[in-house]
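Next up: the structures, one after another.
Shared between the two complexes below is subunit A, which pairs with subunit B and subunit C, respectively.
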Partner chain A sequence: MRRLISISILLLAVLLVLPGILSAVGGGYWFRVTTTIGVFSILTMSANLITGTTGLMSLGHAGFYGIGAYTTALLATKLHWPFFLTLPVAGVVTAVFGILLALPTMRLIGIYFAVATLGLGEIIHVTLLNWVDFTRGPMGISAIPGISLDGLFSASDITHYYAVAIIALLAALVLGRLTHSYYGNALRAVREDDQCAASMGLNVVGLKIQSFAFACFFAGVAGGLWAHTTGYISPGDFRFSESILILAMMVVGGLGSIPGAVLGAVILLGLPEVLRPIGDYRMIVVGAVMFFSILFLPRGLLGETSVLSVVRRQFGLAWDKTLNLGWRQ
Partner chain B sequence: MTPLLEIKNACRYFGGLHAVEDFSGHVKRGERVGLIGPNGAGKTTLFNLITCFTPLSSGAVFFDDTDISSLKAYRVARLGIARTFQNLRVMPNLSVFDNVSIGALGALGHSPLAALTKRTNYANDIGRRTWDALEQTGLQDHASELAANLSYGKRKYLEIARALALSPRLLILDEPAAGLNDTETAQLAEFVLRLSGEGLSILLVEHDMNFVMSLCERVMVMASGRKIADGSPQEVSNDPVVLEAYLGSEEEAA
Partner chain C sequence: MMRFKQCKTLLTTVCLVALSCGASAQNKTVAIGYQAPLSGENAQYGTVFRNSATLAVDEFNKSGRLPGVTIQLKFEDSKSDAKEGVNIARKFSDDASIVGVIGDFNSTVSMAAGQVYAQTKVPQLSQTASHPDYVKISEYQFRNINTQAYEGPLIAKWAFDSGAKKVAVIAIQNDWGQSAAGNFVQGFKALGGTVTDTEFFNPGTRDFRSILTKMARSQPDAIFVGAFYEDGSAFLQQKVQMGLKQPVFATSSLYEKKLLELAGPAANGVYLTSTFVVESTEPHVAAFVKNYEARYNGKPQQFAAQAYDATNIMLNAIVAAGGANATRAKVRDALAATKDFPGVTGTTSFDPATREPIKLLSKLQVQDGKFVSVK
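Let's turn to the complex of A and B:
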C-alpha cells in the first residue's frame, strides 16, 4: 500500500505537477533544462547498472549515448522514420554495439576495464568526428524532426517533456526490476567478489555482458531522445567529459541507487542553472559539491555501497599478485 | 560404483614451482575425507584445481564420471561441487539473506527475463532454498543483517550456508575451523557430521588435527605437492613418512 502511494505521488509529480510549474514559470528555457536532466537521468541510471550494481567502472558511456543519438538522427533525417521506431531501434543498435565492443574487454578487471572502456568511448567519438561522409563530422546533423504523431500531438516543449519523462519512468521501472530482484543479487555478487560468485555457479562473464547490453540499450534510447528533442547533434555532445559527468552524477547520487542517479542528474545539471546569476563561479560550486560529497558522503546521497571501496577494489586488483595481472582467465 | 570425485595424476606448475605434482585421489559418495599437510604443501591449489578455479597443467578430474578438467568454475559449481574459502569471502555489502541467495541463484540459474517478468515461481524457489540453507546453519534470525556486521564465527556458517544453497553433492571446506575456539570447533564438527549424515560428501583441509582425526573417515596427506599417505586417521598418524614431513626426520631432530 505504501508502495502504491509513493508510486502515485511520483507519477503525479512527474506527469502533472512538474509540467504545470514549468508552464507557469514561462516554459521554454526551463523545459529544456528539465528534458536535459531527464536524458541524463536515463544515462546515469543505465550506467549505474554497470558501475553501481555490477561493479565495472565504465568510462565510455557517452560513446554509446552518441551511437544512439546518431542512429536516431540518421534514421529520422535520411529515412524519415517516426520516433516510435527510431528510439527502440537506436536502443537495440547501441546494445549490439555495446556487446560487440565489450566482448574483448569482459575478462579485464578493475582499472584495466575502466581504461579499456575509456578507449572505446574515444574510438566512438573520433569515428563520429571523422567519418564525414556518414556522420557529417564536426558539422553535426541538424534539422532532426521533433517528437510528433500526426493527428495526436506535434513537436513542442511539452511533448518533448512528456516523451522524456515517460521513457525515464519506463527505464526506471525496467532497471529497477533488474536491480531489485534476485537477478540484481547475482549482479551485485559479481561486484563484490567475481571469483566467489563464479564458484557459487554464477556465469560471471554472461552477467557482465547482459548488464552491459541493458545499460547500452538505455544509453542508446537516451541518445535518441537527445537527438529528437534538441534537433541538432554534433560529436562534441558525446565526448569523454560527458562520461565523466555521468560518473559524477552517479557518485553524488550514490552507486547502485536509481533514485540516487536521478538526484545526481538533478543536482549536477540543476545547480549550474540555478547559480547562473553568479556567472562562471558556478562551476566552482559544482566542483565543490562533487569534492565534498565524496569526502563526507562516500556512499553518495542514497548509495548502497561506498564509492571509495569500489575504487579501492578497482585499483587493488591491479596490484594483487595472487591474481593474473589485469584480467581473468 | 565409481567414486564421486576422482583426481587422476593432477599436476599444476606455476613457472618452475611444482605446486601440485602427480596427485591421485578420490572421495567416495557420502565419505568425509580430510586433506592435511604442512604449509605450502599445495592443498589450496589442489582445491582450486578440483573447482576449476585454476586450470590443470596435466592430469584430469572426474566428478560423477564426468571429466570436469576443462570446465569453467561456474559449470563445476552447478554440477554439484560447492566450496568455502580459507580467507572468508562473504559479500560484506549484501545482507545475509542476499549472500545465501547467491548459491541458490547458481543452482537455479539467473535470467534477466525472470526479473523483468516477475516470475513468482522462480523467486519462490530461490527464496525457499535460501531459507532452508539459513535454517540449516541457524542463521535465520540474522537474515536481514549486513554480512559485514556478523561475528567471525557466524560468517563461517554464512559461507557454508551459501554453499549449501547450491544443493551440492560434494562440499569442499578450506580450513573451516581456523580462528574458532574449542567450543565453536566442536559445534562445527557436530554440524559437519550432521551434513554428512544427510548424504553430503565432504572434503576438507584443516590444520586442527583433533578436528580432522575425529571427523574424517579417511585422511590424505600432502607434502611438497605430492600425496605421501592415504588411509584412516590412525594409520596416517602412525605413518613414519607423515611424521617426517611434519616434524623433520629423526636424524635431523636428534
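Let's turn to the complex of A and C:
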C-alpha cells in the first residue's frame, strides 16, 4: 500500500504537477531547462551505477553520452528512423561500445581506472571530432528531427519534456531495481573490497562489466534524447568538462544514491539558470554552493545510506512479501 | 491538456492587452537580446561584444532616431556551452519585448540556439558564426561576417598572384578551420596551384613542431594559416625557430593586436585580410575607434567592430520595421532587406535569397610589429 502511494505521488509530481507549474510560470524557457536537467539526471543516475555503487571512478562518461547522441543523430538524419527506434538502438550501440572499450580496463582499480576512462572519453571525443567523413567532424550534425509521432503528437516543448521525463522514470526504475537488490549489494561489495568479494564467490570482473554495460546503455539513451531535443549536436557537447560536470552532480547529490543524482543535476543545471539575474557572479555562487555542500555534507545532499533506507521503506524495494525474501528495515 | 490550452489563450490575451497599452504609452521600450560567452573560455570575446553593443545602443538612444522609444539590450551569458545557449534562446523567445537577437559567438552555440529561434520565429543575427550551414537553418538566421567561401578563394588568388605555386595549409580542427582550409585549397587548386600538405591541429595545441617539420620537407612556396591569434602566434614563433622562410598568408581571424604582442618579431611579414582596419581614416571608423577607446581604454579589434556593426544593423532593422510597432516578423524582413549598410567593417549587404553577407576585404601585412595596408 505504502509502495503504491509513493509511486503514485512520484508519477503525479513528474507527469502532472511539475509540467503544470512550468506552464503556469511561462512555458518554453523553463520547459527547456527542465528537459536539459532530465537528460543530465539520466546521465548522472547511470554514471552513479559505475562510480557510486560499483565504486569505479569513471571520467569518460561524456564520451559514451556522445556515442549515443551521434548514433541517434546519424540514424535520424541519414536513415530517417523514428525516435522509438533510434533511442533503444543508441542505447544498445553505446552499451556494446562500453563493453568493448571497458574490457581492457576491468583489471584496473582506483586512480588507474579513472585515468584509463579519461583516456577513453578523450579517444571518443577526438574520434567524433576528426572522423569528418562519418561524423561531419566539427561541423556537427544539424536538423535532427524532434520527438514526434504522426497523428499522435508533434515535436514541442511539452512533448520533449514528457519524453525525457518518462525515460528518466524508466531509467530510475531499472537502475533502482539494480541497486536496491542483492545484485546491488554485490556491486557494493565489489566497491568496498573487490578481493574479499571475489573470495566470497562473486565474479568481480563480470559484475564490473555488467554495471558498465547498464550505465552505458542509459548514457546512450540520454545522448539520443539530447540529440532529438536540441536538433543540433557537435563534438564540443561531449568534452571532458561534461564528464566532470556529471561527476560533480553525482558527488554533490550523494555518491551511490539515485535521488541524489537527480538532485545534483537539478542543482548544477538549475542554479546557474536561476542565478542569471546576478550576471557575472553566478558561476562563483554555483562554485561556492558546490564547495560548501562538499565541505559540510561530504556524503552528498542525499547520502547513500539514508536514501537506501527511505527508498526501501517507501517503495518496498529489496523486500518481496510473497516469497518472504530480502531484508526488512 | 485543456487547462494548458486555456492558460495559453489567457496568456496571449494578457500579452496583447499589455502590448496595446504599451504602444499608446509615451516611452516604449523595445529590447534586443544578446547572447554571448561572458564567462568561460571565450569570455574575452563576449566582453568585447558587450562593450561594442552597449556603445552602439547608447549612441542610438542618444541620437533620437526613434522618438519615444528606448532600445534596451538584454545580455545573457552562454559560456560557449550549447546547453546554456539553447536555454537562453528559449528565454529570449519567451520574452515578448525582444524583437531580435544577436549572437552567439561560436558556430556550435549559434547553431544549437538557431534551432530554437527557427522554431519560435525570432530573427537571429550572429556577429561571428561562420558555419556554412548556419544561415540554412531557417529564414530567421543572419550573420555579419564573411564566410570562408568568400574569403578563402580571395586569399588563394592573392597568394597565387604573389608568385606562390605550391602552398602548405594548416588550420584549426573546428567547423571554422575546416571551411577555411577547404575553401582556400579549392580556390588555390582552381587557379592551377598545388597544395603540398593540409594539416589540422586540435584546439588547444601549442606545439606545432611536428607539423612544421612535415611542411618543411615538402618545400612549399607559401603557408596558409587558418587559426586564431592564440594558436597563430605560437605557430608563427615556432616557424621562425624552425628556420622556415616561406611567407604566411592568413585569414582575418589573425587581425588582433594580441597577435603582435604574443608573436613579437615572428609576426613580421604575415599577409592577412581584414574587414576592419583600426588605423582607417574614414570618418565613421575613426569616430567608432575614438568613442570605443574613450569608454573602454583600449582600441577595438575586428570582433569588436563586427559586434558594433551587427548591433547597428539590428537597430536599423528595428527602425525600418516601424520602431515602436516593430514585430519579430517585421524585423526579420527588414534585416533581409539590409543593403549597403555603411558599417565600420565595410559596406554590408545581405543577399536576399541566401541571407549571406557581402563585405569588402582589405589586405594587410605585418611590418615592424604593425598592421599596414597593402595593395
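Here are a few things to note about the model shown:
Everything that follows uses one rule, which is that the second predicted complex is superposed on the first by the 304 of 329 C-alpha atoms of A that agree within 3 Å, B and C clash if a C-alpha of one lies under 4 Å from a C-alpha of the other, contacts with A are read in each partner's own complex, and residues count from 1 in each chain.
Going forward, a residue touches a chain if its C-beta (ideal position, glycine included) is under 8 Å from a C-beta of that chain, and two chains touch if they have at least 3 such contacts.
Everything quoted here is computed from the prediction, not taken from an experiment.
When both complexes are overlaid on chain A, the residue A:Gln210 reaches subunit B alone and has no touch with subunit C. Residue contacts after overlaying the shared chain place A:Tyr183 against subunit B, while subunit C stays out of touching range. Judged by the touch definition given at the top, the superposed model places A:Gly119 against neither subunit B nor subunit C. Ranking subunit B and subunit C by residues of subunit A touched puts C first.
Look at A:Val33: by the touch rule set out above, it reaches subunit C but stays clear of subunit B. Judged by the touch definition given at the top, the superposed model places A:Ser199 against subunit B, while subunit C stays out of reach. Within the superposed three-chain model, A:Tyr232 lies in touch with subunit C and out of touch with subunit B [touch as defined at top].
In the superposed model, A:Val174 makes contact with subunit B only, not with subunit C. In the superposition on chain A, no subunit A position is in contact with subunit B in one complex as well as with subunit C in the other. Those residues of subunit C whose C-beta lies close enough to touch subunit A in the complex are 3-4, 7-8, 11, 38-39, 75-77, 79, 82-84, 86-87, 90-91, 93-94, 108, 111-112, 114-116, 120, 131-133, 137, 173-178, 200, 202. Across the complex, subunit B is touched by residues 174, 177-178, 181-186, 188-189, 192-193, 195-204, 207, 210, 214, 304-305, 309, 329 of subunit A.
Only residues 20, 23-24, 26-29, 31-33, 36, 126, 129-130, 132, 137-140, 142-143, 157-158, 230-234, 236-237, 269, 272-273, 276, 279-280, 282-283 of subunit A touch subunit C when the two sit together in their complex. Put simply, subunit B touches subunit A in their complex at residues 51, 53, 55, 72-74, 77-78, 82-83, 85, 89, 91-94, 98, 101-107, 110-112, 114-116, 118, 122-123, 126, 162-163, 166.
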